[in-house]
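Two complexes follow with subunit A in common, the first pairing it with subunit B and the second with subunit C.
Let's turn to the complex of A and B:
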């Protein structure tokens, strides 16, 4: 057991950590029950992401490399929903291909019960197709760009791609006008750079977790046209595309829920500096 | 009112979320039940999905005439030789194939996309900023150059960190701390988002929609 704190500096550095969790829970729950509508500033990467989709000509083909995970869904759900709504609001042909084991479950549930492409006048097989999970990795991305049927001979329902009207003249990267790379592993941003941008100079936009954003930033705007990082930028794309979703509530709760952490960071640092410079307890 | 099976699913989900969150208070049997159930269910989920993937992408096409698919399937099976020490060496063959293909696929793109183009764009943007008199742009690119050089010098261990190298390494350490701090804060916000997502599900989906019929 650690010794009981005696000085003021020790006391503020040893507050029971459960107060932090309790405060954070309370601050988080308030906006979930009653969203506050805190202001959101739209960042440059989000505008680039929006513009990349918005400037596509009618009839353009968009390939969505969908590597979503159920465990990380809350962080990216706003990105997915806003992006898919944007795609279906435009005259585009969309190929969703699943690169992670959870992706088919997520895409089928969200397209079926939330986005509902039929509400936008879109028909499966004519305006969009969903390809099943294949453990692609980077080599698979390269193969997909060279020969879609080589990697995905059938769609998610087992229908051969040759029998799907939309896929009639879509065989490889030459038919693709934009790649949307949705992923959860930070270094995966390098895959589309290496397999789509360098060899074929295809426009690419990416959507990833908040903590992976710093890995995507160096490639923007010269190698990727835009990026979404975490639920914060998911909220931004909801605002820019005028497709409200779960992002607004998420941003409010996040903004409030983080306050106790900031408070504890400050207290911890005051405690450390106090012990170091006032009572000279901390060894240099 | 939601169907009974939905309510049951919601309540079971809520139990597991709360059981995991109970760890914030202290280690307890409810947490361990939740933890083990979630790990078990997750493993079962991934085994099933990957089995189906292998079946649909390799086994069934092979049985219907694509005999060349036997090669990747066989290499995949060889991976399991790792489970027995006497024949574990066999697993090196499929591993070497994987590493070889992976390296071959990424090497060209890495040189061009991540090294040459990154350097080119940095230099071009820097020169553009100078030409246009964009002082903020110049400052940013100088910051990038100083950050890269000093951070690399921090990891130079072939010489003692004294004199110019020592000063550079000290500055590099500051850049590294800022970078790690930014990444860590991203992680923290990410965990918070997961918490918000689950709390939102309990409050809005389970309580408001399923139980109260809102």
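Let's turn to the complex of A and C:
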């Protein structure tokens, strides 16, 4: 059992964690009940992401490497939904290929009941196609770029790609005009760079978790044209593309939810500095 | 196993495949490009097989854990694992539409999705309490990490964007300049290290290969 804190500095460094948990919960719930609706500033990576899609010519083919995890969906769903809407609002051909086991069910739910491509005048097999889950990894990305049918002979419904009108002249990377790489494992950002950018000079944009953003940034804007990281940039892309979605609520919840964290963070450091410089309990 | 089976044969396979992949990248010959296509397809197939292997390893681990700890609680853990495994398997195969069936979707959305999201949400509390305890400015590196991390985090939160507006350009600068500079240095260093390890592996001199054999 730990000793009871004696000095002021020790006491503020050993506050019961449950206060932190309780405050975090309360501060997260408040904006959900009473939205703050604060304005959001759009960052450079988001603008790059938007422009990469926006400048595509009508009829361009976009390959979406969709590696979404259901467990992490809250962090990225705003990015996904805004991207789908952007793609369907334009005259583009879209190939969604699933690289994570959860992805087929998520994309089917999104396109089935949330975004609904038919509302944008898009038809399955003509304007977009969904390919099933295959455990691609980096080698699979390379294989897909070289021969799509070698990895995915059929679409998600079991229809051979040769029988899908949109896929008639799409066999490999040469038909792809933009790659959107969506992933949840930070180092995976290197996969499209090694397999799409370096050998084929294809433009790539990426969407990932908030914690993975700093690992994607070193490749911007030379190798990747734009990036989204976390729900914050998910909200930004909703704003830039004028497609409101779940990101606004997420950003609102984060507004106050972070405050108890910062408070305890400061208290922890005051405690450390006090014990080090005032009571000299801690040595460097 | 003999040294030939444990070391020499895997080394030859590794070296030959590695050299062929290098040739496919740096030469214009179609035959190497075709080989690359076949080899990368094999990787996808092998990856799919490893999913099934996971079930074998999981069963092995469950049996061993129960053998070590023969208690009703441990048995409950084992049975729970298999209950959910078979529940997902059956709901994914027994109904029309397979994984697109309403039954499978129910399990997926309401059990798998919520459990996964809860696990990640609970991490917030773990991270917050551990940051409170340990993320202190005890060194210059810790101060740099603290400042960079806080600026990156706070820059994304509208409350701070509105009331501390200078945090936006500063956070953006930290992300795009020092982070990019350091990140690119790390990437180049890692790439050079990977090159060295690759050459050593192809040459059969990599230490890990020696240890494994």
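By definition in this document, the second predicted complex is superposed on the first by the 283 of 284 C-alpha atoms of A that agree within 3 Å, B and C clash if a C-alpha of one lies under 4 Å from a C-alpha of the other, contacts with A are read in each partner's own complex, and residues count from 1 in each chain.
We adopt the following convention: a residue touches a chain if its C-beta (ideal position, glycine included) is under 8 Å from a C-beta of that chain, and two chains touch if they have at least 3 such contacts.
Remember, it's a predicted structure, so these values are computed and weren't measured experimentally.
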item: Subunit B versus subunit C as contact partner of A:69, first or second or both or neither; value: second
item: Subunit B versus subunit C as contact partner of A:267, first or second or both or neither; value: second
item: First, second, both or neither for A:197, with subunit B first and subunit C second; value: first
item: Which of subunit B and subunit C A:30 touches, first, second, both or neither; value: neither
item: Subunit B versus subunit C as contact partner of A:136, first or second or both or neither; value: second
item: Touching partner for A:44 - first (subunit B), second (subunit C), both, neither; value: second
item: Which of subunit B and subunit C A:213 touches, first, second, both or neither; value: both
item: Which superposed partner A:150 touches (first subunit B, second subunit C, both, neither); value: second
item: Contacts of A:246 with subunit B and subunit C, given as first, second, both or neither; value: first
item: On subunit A, the residue positions that both subunit B and subunit C contact, one per complex; value: 21, 24, 72-74, 134-135, 137, 139, 142, 190, 199, 210, 213-214, 218, 230, 232, 254, 258, 261
item: Subunit A contact footprint on subunit B (complex, rising order); value: 24-25, 45-46, 49-50, 53, 56-57, 61, 101-102, 105-106, 108-110, 112-114, 117-118, 121, 179, 182-183, 186-190, 192-200, 203-204
item: List of subunit C residues in touch with subunit A within their complex; value: 25, 33, 36-37, 39-41, 43-44, 47-48, 50-51, 99-100, 105, 108-109, 112-113, 115-117, 119-120, 124-125, 128-129, 131-133, 135-138, 150, 152-159, 161-162, 168, 172, 175-176, 179-180, 183-184, 187
item: Residue numbers on subunit A that touch subunit C, as the complex places them; value: 15, 17, 20-21, 24, 36, 38-41, 43-44, 69-74, 104-105, 108-109, 134-137, 139-140, 142-143, 146-147, 150-151, 190, 199, 210, 213-215, 217-218, 220, 230, 232-233, 251-252, 254-256, 258, 260-262, 264-265, 267-269, 272-273, 284
item: Residue ranges of subunit A in contact with subunit B within the complex; value: 18, 21, 24-25, 28-29, 32-33, 72-75, 77, 101-102, 132-135, 137-139, 142, 153-154, 190, 193-195, 197-199, 209-214, 218, 222-223, 230-232, 246, 249-250, 253-254, 257-258, 261
